[in-house]
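Common to both upcoming complexes is chain A, partnered first by chain B, then by chain C.
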Partner chain A sequence: MAVKNKVLRILKLFGISARMDLTWLLRDTKYAIAGITADIISNLSTVSGIYLIALRFNGIGGLNTDEILFMMAYSTITTGLFIMFGSGNNIHISRIIGRGQLEHLFMQPLSLKVQLFTSGFTPFTGGSNFVVGCIMLIIAMQRLSLPVTVWWVIFLIAYILATMTIIVARAYLVSSAAFYAPVAAEEISSAAIEGTWLLSTFPLSGMPSIIQVSLLTILPEGLMAWFPSLCLLGRAPLNFTEYYPLAFALILSLIASYVFRKGLNYYVKKGSNRYVPYGFRR
Partner chain B sequence: MFKYMKTAGMSCLEKTNGGIIYLLPDVLIKICTLIPLIFLWRVVMTSGARAGMNMSQMLTYTYVSSLLSDMMVIETAASGWLSEGVLMKLYGRPMSVLGQLAAQTAGSWLPMLLLFSLPMALLAPAMGVSLKPASPWFLLSLLLCISLGFAIDFLFACLSIKLRNMSWLISRIRTAIVSLFSGTIIPIGLLPLGIDRIMKYQPFACLGGSPLSVYVGSADPGSVILLQLIWNMLLWPVTLLVFKKSQEGIVSYGG
Partner chain C sequence: MYPTDFAVKLTHVTKSFTQWQRDNTGQSLVRNLIKPEKRTIVALNDASFHVREGEFVAYAGPNGAGKSTTMKLLSGMLIPNSGDISVLGRSPQKERIALMQKLGILFGNRTELWWDHPVIQSFEWKKVVWDIPDPVYQQNLKMVTELLDIVPLLKTFARELSLGQRMRADLAMMLLHSPRIILLDEPTLGLDVVAKRQMIDFLKKINKENGVTIIVTSHDMDDLEEMAERILMISDGKIAFDGGFQELRNITGNLTRIVVAMEDSLVPQIGIGRLLSSENGVYEYDIDLTQLPIKALLGQLSEVEGVRDVEIKKAPIEQVIAGLYRDWSGK
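Our next item is the complex of A and B:
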């Protein structure tokens, strides 16, 4: 019963965020549409680069053009989900910590986790890339004649969730630095998220194993699109198990959770020095 | 000139105020992007397709593009400063506003040139990349690229002034368009479906892609520099005129 109430509460909070997003779209339509257009152009520019190379060279490293399109569709879906659920700096958490805004969340009658989970939901103005990604995915699947089964769809959802978990966990892991150095580390999540976005669209097929393994372990950009796409195409690379992204997401999120809690404990004892007494930010 | 040099120096120091350690994530990301990008092009070029460039040229193109990335596509603080209210401060100083922005931008390049470009240039032979320029005209082409980059950036700043609080959106759209059409990530000549023939004459192609193609010897320096000169002569008067008119419309709240 308690779990059911909690789920209902979370859904209601998502509903509140969605209603505020719709209100913005209706009241400031011109600006909201400009924002939607910027999101679409920005993502298409990133993924089209790799796709255009694939078109020009009839594929990259053993992946044909349609397989590259499938991979770019996967990348676009994750970008779309990132924007749809992370529009409130709730994934760029170093900004909230670094700006001393975490206290604002402490005042709400909700747990920090629930607030951060639900506060950035913008399905109307932030959902465009998700829709574009789904359309690209359907086109790629048709061109590849992929046999779609229930299990395949479950794996697709599981991989996308794992990719999102890795993005969020890594952002929270590096953002923990902002608890200790709020000014210097305020934008560190941007370096971890946007800084590596282009790299996450690279098809790693054909590259030396050391590069592939490094990009699946130390800097997991290979798990953002390349590895899960190949698994969904039935060709898990490097003899890795197809459960690897799920295991990696679990381990990384446990580490991030531990480090973030440690940082949070430090923060609640020391506080933030970002605001001067008359309200301006240092 | 001294005061602009001083502004550039202050801008350089500002980048390292928090300590060099806080620049390291950006340096690491640049390295971690460059190395796979080099291998990506190796994979692509070994497929045997004709690309108008050989592998050595392609690797040099990519490497130099990364080393000089700040100069290939100029991004001043103008648009950001507009929304943060900093732009207004520039009017209180006895110096040209555009000059201050240019000096501030040039100064901000130095830490990354020292921390990333210089070490990576020294490591280039180990990566199998030759950094020997094919033509000395590269330097002139680079200067024209930087000059045009400032003109284009100031025009986008004017657009931000005109559209008031849309500077973040304009910045996103501009970054997306310029990164694709400037040839800094993918050389214009490699674009498929005949897009390259149309794209090579647009002003963005005279940014990073032009000096890079002269550097690796994949384009005739004369025609590249002529096109860059034409775009500079066309866009600078427009930029100065539009900026002069836009100044009256600047609204800054501070951040």
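Our next item is the complex of A and C:
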């Protein structure tokens, strides 16, 4: 019963975020459509660049054009989810911490986890990339004639969740610096994530193994699309286990959780003398 | 377990912060790379006080005295270095989520409204986030919109409200979940006379009629005296005074400043209070209205030759506190 109530509560919170997103879209429709279109164009131009190179050279590093399309679809879906759930700086949390705005969250009778999970949900203005990614995925799957089983779908969902977990965990890990240096680290999350975004859409097949290993461990851009896509195509690279992205996501999220809690503890002990009155709600 | 006989209880609470220090010399830059220089600021120093349910308490002190820190401690946003805090029998630091259902907080320089949405949308967001039952929400919405006169504002975007309108909308939103305690940090900051009047009347009404406990901070003594029955004064992290306004006046006197602007080169020939400054024909006096009633003061001023303008204002809170300390050291 308690679990059911919690789930219902979370659904209601998602519901109010979605409703506010819809009213915002319907109120400023021209601007909202312009924003959605810009999002789609921006993301498609990123992935289409790679796809055009694949077309010109008949594949990249052992991946054919349809496999590249599959990888780009995966990347577009995760980008879409990031935009759909990450409006309002709940993923780029260094902005909220650095601007001294966590106190707005402390005022709500909800745990920080629930607030951050539900507050940035914008399915109407932020869902376009996700939809485009799904369409691209269906086209790629048809062209590749992938044998889709229940297990394959479960793995697809698990890999997407793992990629999202890595994105969020990395954002929260670096954002923890904002607890100690609010001004200097206010934008650290966007710098860390968006600074390497282009690299995350690049197929690493054919690269020297030291680069591949580095991009799967130190800087996990290879886990954003390349590695999970190859696993879903049945060819886990570098003799790594196909469970590697899930294990990496778990370990990184544990580390991020520990570091973030430590920073939060510091924040409630020391407080923040800085306050910027914009950006925590739109 | 905490006792539940008080709405708010602070027991020997100390809270300190560190501030980074640096000047612009090269030596300081290098030294700070190795060992940053820090200064400890004690916001609360072994402070204790309690507030009973239904009280309207003013929490006063000069800028930087620790008023906002106390508010943040009471609402679980900060953890004290030492001491115990109890709000409605709960620890704000350990039971923040449960407490926020019964607590309303408003910082005068911040808004909880959604900037790019109409005011009513923010109210509906609050209904879901606070899980307010529909009948309670409807009843409170009716009450606050009528009392605060915000019906015409409900469809207006928060970003388009004036400061006074925004404060009224924020105050209304804060009350939608029927809080038992309200913490207001400088709610009258920047408001004009009319907006201030509306806010003060409203707060007094909900305190009297609904029994809501209110703790309000300000560095403006006049505002506080208008609103509250009891005043807690904080200075250097310590509670310097706890009592009624009359009691405070008995100790400090009714300290008032008179500013007299004179015609060219004339000097006011009056023997009121203590002359604090004289510059460009403007003379400032410090007087105690318990010693010299306002009627006698005006009588004296009306007889002075060459008075261009007269301004009478309350003494700054810093002076009242200094008076308190002088009085104590005299004992």
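In this text, the second predicted complex is superposed on the first by the 274 of 282 C-alpha atoms of A that agree within 3 Å, B and C clash if a C-alpha of one lies under 4 Å from a C-alpha of the other, contacts with A are read in each partner's own complex, and residues count from 1 in each chain.
As a convention for this text, a residue touches a chain if its C-beta (ideal position, glycine included) is under 8 Å from a C-beta of that chain, and two chains touch if they have at least 3 such contacts.
No experiment lies behind these values; they were computed from the predicted model shown.
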Touch test for A:G271: chain B only (first), chain C only (second), both, or neither?
second
After superposition on the shared chain, which partner residues are touched by A:G15: those of chain B (first), chain C (second), both, or neither?
second
First (chain B), second (chain C), both or neither: which does A:Q108 touch?
second
Could you say whether A:P147 touches chain B, chain C, both of them, or neither, answering first, second, both or neither?
neither
Mind telling me which of the two, chain B or chain C, contacts the most residues of chain A?
B
Chain B and chain C footprints on chain A meet at residues 281
Which residues of chain B touch chain A once you look at their complex with the stated criterion?
18-19, 22, 25-26, 29, 32-33, 35-37, 39-40, 42-44, 47, 49, 51, 165-166, 169, 172-173, 175-177, 179-180, 185-186, 190-193, 195, 255
In the complex formed with chain C, which residues of chain A make contact?
9, 12-13, 15-16, 20, 23-24, 102-104, 106-111, 268-271, 273, 275, 277-278, 281-282
Within their complex, chain C touches chain A through residues 17-19, 69, 72, 75-79, 93, 96-98, 100-101, 105, 109-112, 114-117, 121, 124-125, 128-131
Of chain A, residues touching chain B in the complex:
31, 34-35, 37-39, 41-42, 44-46, 48-49, 52-53, 55-61, 174, 181, 183-185, 188, 191-192, 195-196, 198-199, 202-208, 211, 215, 219, 221, 281
